[in-house]
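Several structures are given next for inspection.
Each of the two complexes below includes subunit A, the first together with subunit B, the second together with subunit C.
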Partner chain A sequence: MAVDSSIIEAVPISRAIAQRHPAANILRTVLFRIGSAIFVLWGAVTITFIVLTILPGDRATILLNITSGQTIARTLEELAPINAMYGFDQPILTQYIHYVGALLQGDLGTSFELQRSVANIIGEQIAPTFTLAASALLLAWIFAVPWTLFTAGRGRRIGAFGSATETIMAGLPQYWIGILLLIIFAIGLRWFPVIGGTSFMNTVLPTVTLAIPLAGFLGQSIRSEFDRTMREPFVLSARARGMSGAGVRARHVLRHALIPGITLSGWAIGHLLSGTVLVETVFARPGLGAILVNAVSNKDFALVSGCVILNSFLYVVINLVLDTIYLVVDPRLRGAA
Partner chain B sequence: MSEVAKDVRSSSSSNPLLTAIVTVPSSIVLSALVVLFFLIAAIVPSVLSTHSAFDTDLLSSLTPPAADHWLGTDEIGRDLYSRIVWGTRGSLLIGLGAMAVALAGATVLGFTAALAPRWVAEPVNRILEILLAFPTLLLALLFVALLGPSATSLLISVGLGTTPGYARLIRAQTLKVKQSGYVEAARALGHSWQTVFIQHIAPNAFRPLVGLVALGIGQSVVWASGLSFLGLGVAPPSPEWGALLEAGKANITVAWWLEIFPGLAIVLVALSFTQIGQYIQDLAEGNTR
Partner chain C sequence: MKKTNSANLIISLLTIATVSLVNFMPTSAVGATGTDDPNRVDGGTITYVHEQEPPCLWGGWVQQAYLSRQVFDYLISYGDDGQIKPWLATDWSESKDRKTITFHLRKDVVFTDGDKFNADAVVANYPAWEKGIGWHGFTYMKDFTKVDDATVELHLSEPNPEIYNILANGHYGFQSPKSIANNSSEQRCLTPVGTGPWRIEKWARGSGISFVRNDSYNWAPENARHNGPAYAQRLEWKFVPDATTRWGALISGEANIAYQPPSVQWKTAQEEFQTLTFVATGRPQGLSFNVARGPFTDQRLRQAFVYAIDRKRIVQAVFRGTVPYEGNGSLSKTTPLYLDVDEGYPFDTAKANKLLDEAGWTQRDANGYRIKDGKRLDARLPFNQAIINTEGATALQVIQDQVKAVGIKVDLIPLTQTEGFAGAYSKPEEKEISFGYWVWPSPNILDIVYNHQLNGRPNGNNTSFFNDPKVEAEIIDAQREADPKVRQQKFGTLQKWFDDQAIAIGVYNFTYNVAVAKNLKGLWQDQGNGLLNFYDAYFVKE
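What follows is the complex of A and B.
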């Protein structure tokens, strides 16, 4: 693990600099975070590779059966050219080095079923999925912030009502919310199209579906921090200076309360991308979800692992960016690596 | 809280169990009733069902909810209410089994990451960190792809998919207990690590998990039914709830009940288990404080 040792070596030197320069302190922390992000990514790739290699059933057999649409045992003569073409006959370590090397060049392999580059397939399908995930996150924030602002720290009864609503929202399965919205607003009221697509009208219901449970989770985390911050002395002092209750909530308390919400958003993006799998199926919406479900049921491991690696890559990168933003925004974190 | 409840609490401080029973909030009572209903449905479905789960009746296909068929019928006239009741056992068993798989894996990994010597604990901890970069559904999908769709692979996949999160929780809890005063005291008294682990660390690290297990069963039912809904779990002739949802997809424009009610069963189970789980967690925290 070359990554780790280089960080350890870098630490004492930069610590000496950091005592005089706070900016260097931030830089050291950021470098450390980048190091651990690379480590997590490397681990995710390696685990995916191990899963791919140890899978029950011979990969060449699966490949032949997918492309021919049959499920039969294959003879060695049939398998030999496939094994040679994909390099399955090489030692595991050689395969691993090839796999990682190709990944570093953005090559996610070739789909077993479609016989096309996985990167291209994902590239074609990612736009509607990404639109859906991003707009769901935005909408969840639009739901959660006013809701918390109006119900948190306003006595036990309102707080209990607010938090009960959040618990129910967070606990609802995405696919059932989707079905409910589809039946009420598309089939019953005919406000939205029933047949899936990627236009604006087709995106509204899937977005709301994904946003509801996420708003529940966001609300829960913002609320507990909001309640905690309301008891801080600086809130009392702001009130004593004559600031209005609403002003204190919006200007001081909310700012603190948003921090756990932002952390949760980083986590949420990884989960939203996989949550779209279910929602895209409900609404018959084109995107990565349909591709992934099909790949899983056909044992198209190249495509499945491509989606998995892409998801963990986005997850790691987004969290790295968020962590870095914190360091800039929140001075309290600068000391701790 | 009513006056009576307050009185009971103050007068029976010598009997904490009685206090706990009397002061249970109504939402928990409701959740317990829901869980009881589905437990009966899982153990003796014939008591609750009104029809057979598999007998077809083509003359009354796709009838909306009515007195004869409480929740309507499907495209070949099978009674939906009875199918949901008969599907309870499969759905709950998969949820329970997945939680058992997750708990077994998470206990081993969590304890190892917290208590093993550094050269073992550190790599385990790192692997957990890596696995957490995979969303639960994606990890479960990866295992379904490997094992092929079936009830058993569903159970294993959902269990393994939820393992890393629980393992981190157990690790955090164990570290907290390990650093507590009573463990230090027991060590100072000369007890071996084995004794300390069995008598102090394991019971105290497990106590908060009781609530988590209840919570996790509900979530596992949601995940497993979701995978069946995607066509990657239990296949349609089975009345498992996710399979019911998948079967109803084809008729969604004409028979809303086929999608709403199986989903409602999943939601009721998930919410009830979550409520009870959180309540138990709060109780456990209150007791240790």
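What follows is the complex of A and C.
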């Protein structure tokens, strides 16, 4: 998404402002943040609306066919009442204004396929999806950091082994990992339930499924920065001061290497929130992934848009959090604060 | 949801390896011994893992009928022997012109919201059927009128001896009039109110539906194995889209019943579990040729196409015994008045080549495809991936390969769910061959799929674009025929004619297979629509 780069770019801008008039400019920073967040949300909604409008396939036809299990072209007589009921017969601009107008009043609309309010559907599905995304990200970090610490910058052979492992992990298809874990650990060994929902035990295998490729990506991005930093003069000088090799790696080099991993995490969590459909399918788990895929297939605009708004909103929030984490990790950014 | 073949293979190998690790439940007598089974354990939770999750519990799609059957009751029931049995209607009679049917209703039936079932309730449900069931018009139903509190008359526009099969299918159940009038569309979608043996406790989208027993239930259909409340206390209906996961849930004991196990596991399922199979009524999965335009307007080309494919072996190889071969393209094996034409058009490439030569397609291009008047023998075949599963698509690929040997080029066009349901590739100029099925409990499916027009407009269900007023008249004449023997003969003649003409030819039947744990007895499948009946199901002591 092109929209989130504006948020990341906002870091140096706000920093520059804050350096000149720290107290007075906090308000401006906050306003700028809120403004750009609203812009991102508006952009996401508008793009979704345009894309779903342009995509081929008449919504009223889809609705009629899906409720009768047919795949035929429909006559105007059949379509007219459906179009009138859902306002599909209005000009596109009117539909857009209607939707945005309702949105401004906090109304996400109704899913025409599921006959329910979008807010209800999302409210019901957000918890399992968010739990899964957050735990997968956490697990990926738990794996990637020690793996990099032990294998990066320790000579060519170990480095190549560590890097190859990460590449393989990053390349494994989710569906395949999922079905493999399911067959071995749930069906074969019975350590985990095969189906059943969102309890802790039900979340373990889906989390591992998502975490494995993610850990590969994270590890790769941390590793290249780690290798580069290991060649910096300050590493040598720290060693010369008598600091242990492990100490330098963990306290100084790792700090540098984390930055690209953190940036990647922002992308990853957004990706995890909407890209969990395969894992949900394999583990028969509720969540936004399947809801979103289905809604796109049926051109259920309100529901697709609701998911996109949620996703964009979380992107905004996550990037704010990441900015804070950058400050913690990289003291150079703390400057005026 | 789609898997590649190699992934399938790995899965099957892994699963086979896993099966040997699993301890199966001890064997007890297969099948139900009825109400007096000494080993019966009352109560418990039945867990069923199903594939597709429809948007609402009730509607015109068969996926919805599977669910509605659990919470609704019906006027009549489809017996195992094909006979119609009383249910909410105790008896019925037809008028002389067979267009009015008088139903006498039970007087002791109440909905789970306390509303009473009576003639008013029947009349109040009719508009919901008209609105909610997309193909309702093909049933020839016009309306219901109330005679007295316990008597209604159903009016038909055409005589329809199969109207009973239709009323007994999962779509024509009754909701409480109070709920139709007062409940929101969300409530009517997720938690409709019926009189059935179960009521809906909760629908957790993406996960499943929890049903609880209706304790005051005492009006089971005559062909049920018992009366009174269901044996089990709860029914957990889980949506598990992946076949391997469903199979895993069954063999790990987390589910008691699994819908459509992977074909590679079907033999194991038959050996280690109990299985139920239902071959759907209506139209089988078959090939319909475009007879309005293009090369297949020539009967010889249609016949050549059929001779060029070894349908029996394809079905056997692809489905491994989970699905039967079907030769008849108009009606499936279980449909009333079905005509067996399975032995027609045996695999015979010499005959196919001869027919194609006779039709003038004698030249060949560099790839061996036939050419006539400078045009290659091309056949576009779009198929909807939401309706044709992976195995069906594999069967189509084999067909494509086999007809290549006689010089026909088939272009398979897979459609996404969006394209398919939006009616893409449904016009005569867009395709030469169509592939699909239609579940329907009556031979008047011919009327649905071969009528050129519907209400003065082109009939979208006519995928062969057939247009012959004389044959249409014969179909409606067979439908109206009062003498059952003559009627059977008339429908037989029609099926034979469509097969001889090779306008539509069958490939395989749409089936509904389930594997059932051995400690669950009494589960049965309605023979009209394949709907599972959990009401009679009970656990036995292990």
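List of remarks:
What we mean here is this: the second predicted complex is superposed on the first by the 232 of 337 C-alpha atoms of A that agree within 3 Å, B and C clash if a C-alpha of one lies under 4 Å from a C-alpha of the other, contacts with A are read in each partner's own complex, and residues count from 1 in each chain.
Operating definition for what follows: contacts are C-beta pairs under 8 Å (C-beta built on N, C-alpha and C of every residue); 3 or more make two chains touch, one makes a residue touch a chain.
These numbers were taken from a predicted model, which means no experiment stands behind them.
Using the contact criterion defined above for the overlaid structures, shared-chain residue A:Ile183 touches subunit B and also reaches subunit C. By the touch criterion defined above, A:Tyr175 lies against subunit B and subunit C together after alignment on the C-alpha atoms of chain A. When the two complexes are overlaid on their common chain A, residue A:Gly275 makes contact with subunit B while staying clear of subunit C. In the superposition on chain A, A:Val204 contacts neither subunit B nor subunit C.
By the touch criterion defined above, A:Lys299 reaches both subunit B and subunit C. Of the two partner chains, subunit B is the only one touched by A:Ala44; subunit C is not.
Judged by the touch definition given at the top, the superposed model places A:Pro193 against subunit C, while subunit B stays out of reach. Of the two partner chains placed by the overlay, only subunit B lies in contact with A:Ser312; subunit C stays clear of it. In the superposed model, A:Phe283 makes contact with subunit C only, not with subunit B. Across the two superposed structures, the residue set of subunit A contacted by subunit B and also by subunit C is 55-56, 175-176, 179-180, 182-183, 187-188, 194, 281, 296-297, 299. Partner subunit A is touched in their complex by these residues of subunit B: 27, 126-127, 129-131, 133-138, 141-142, 144-149, 218, 222, 225-226, 229-232, 245, 252-253, 256, 259-260, 263-264, 266-267, 270-271, 274-275, 278. Every residue of subunit C that touches subunit A in the complex is listed here, in rising order: 1, 3, 7, 11, 14-15, 18, 21-22, 49, 55-56, 59-63, 132-135, 185-186, 188-190, 204-207, 238-242, 244-245, 248-249, 251-252, 254-255, 384, 387, 416-424, 426-427, 436, 439, 455, 457, 460-461.
Subunit A meets subunit C in the complex at residues 55-58, 61-62, 64-75, 77, 113-117, 120-121, 124-125, 175-176, 179-180, 182-184, 186-188, 190, 193-198, 280-287, 290-291, 296-299. In the complex of the two chains, the subunit A residues touching subunit B come out as 39-41, 43-44, 47-48, 51, 55-56, 164, 167-168, 171-176, 179-180, 182-183, 187-188, 194, 270-271, 273-275, 277-278, 281, 292-293, 295-297, 299, 301, 304-305, 307-308, 311-312, 315-316.
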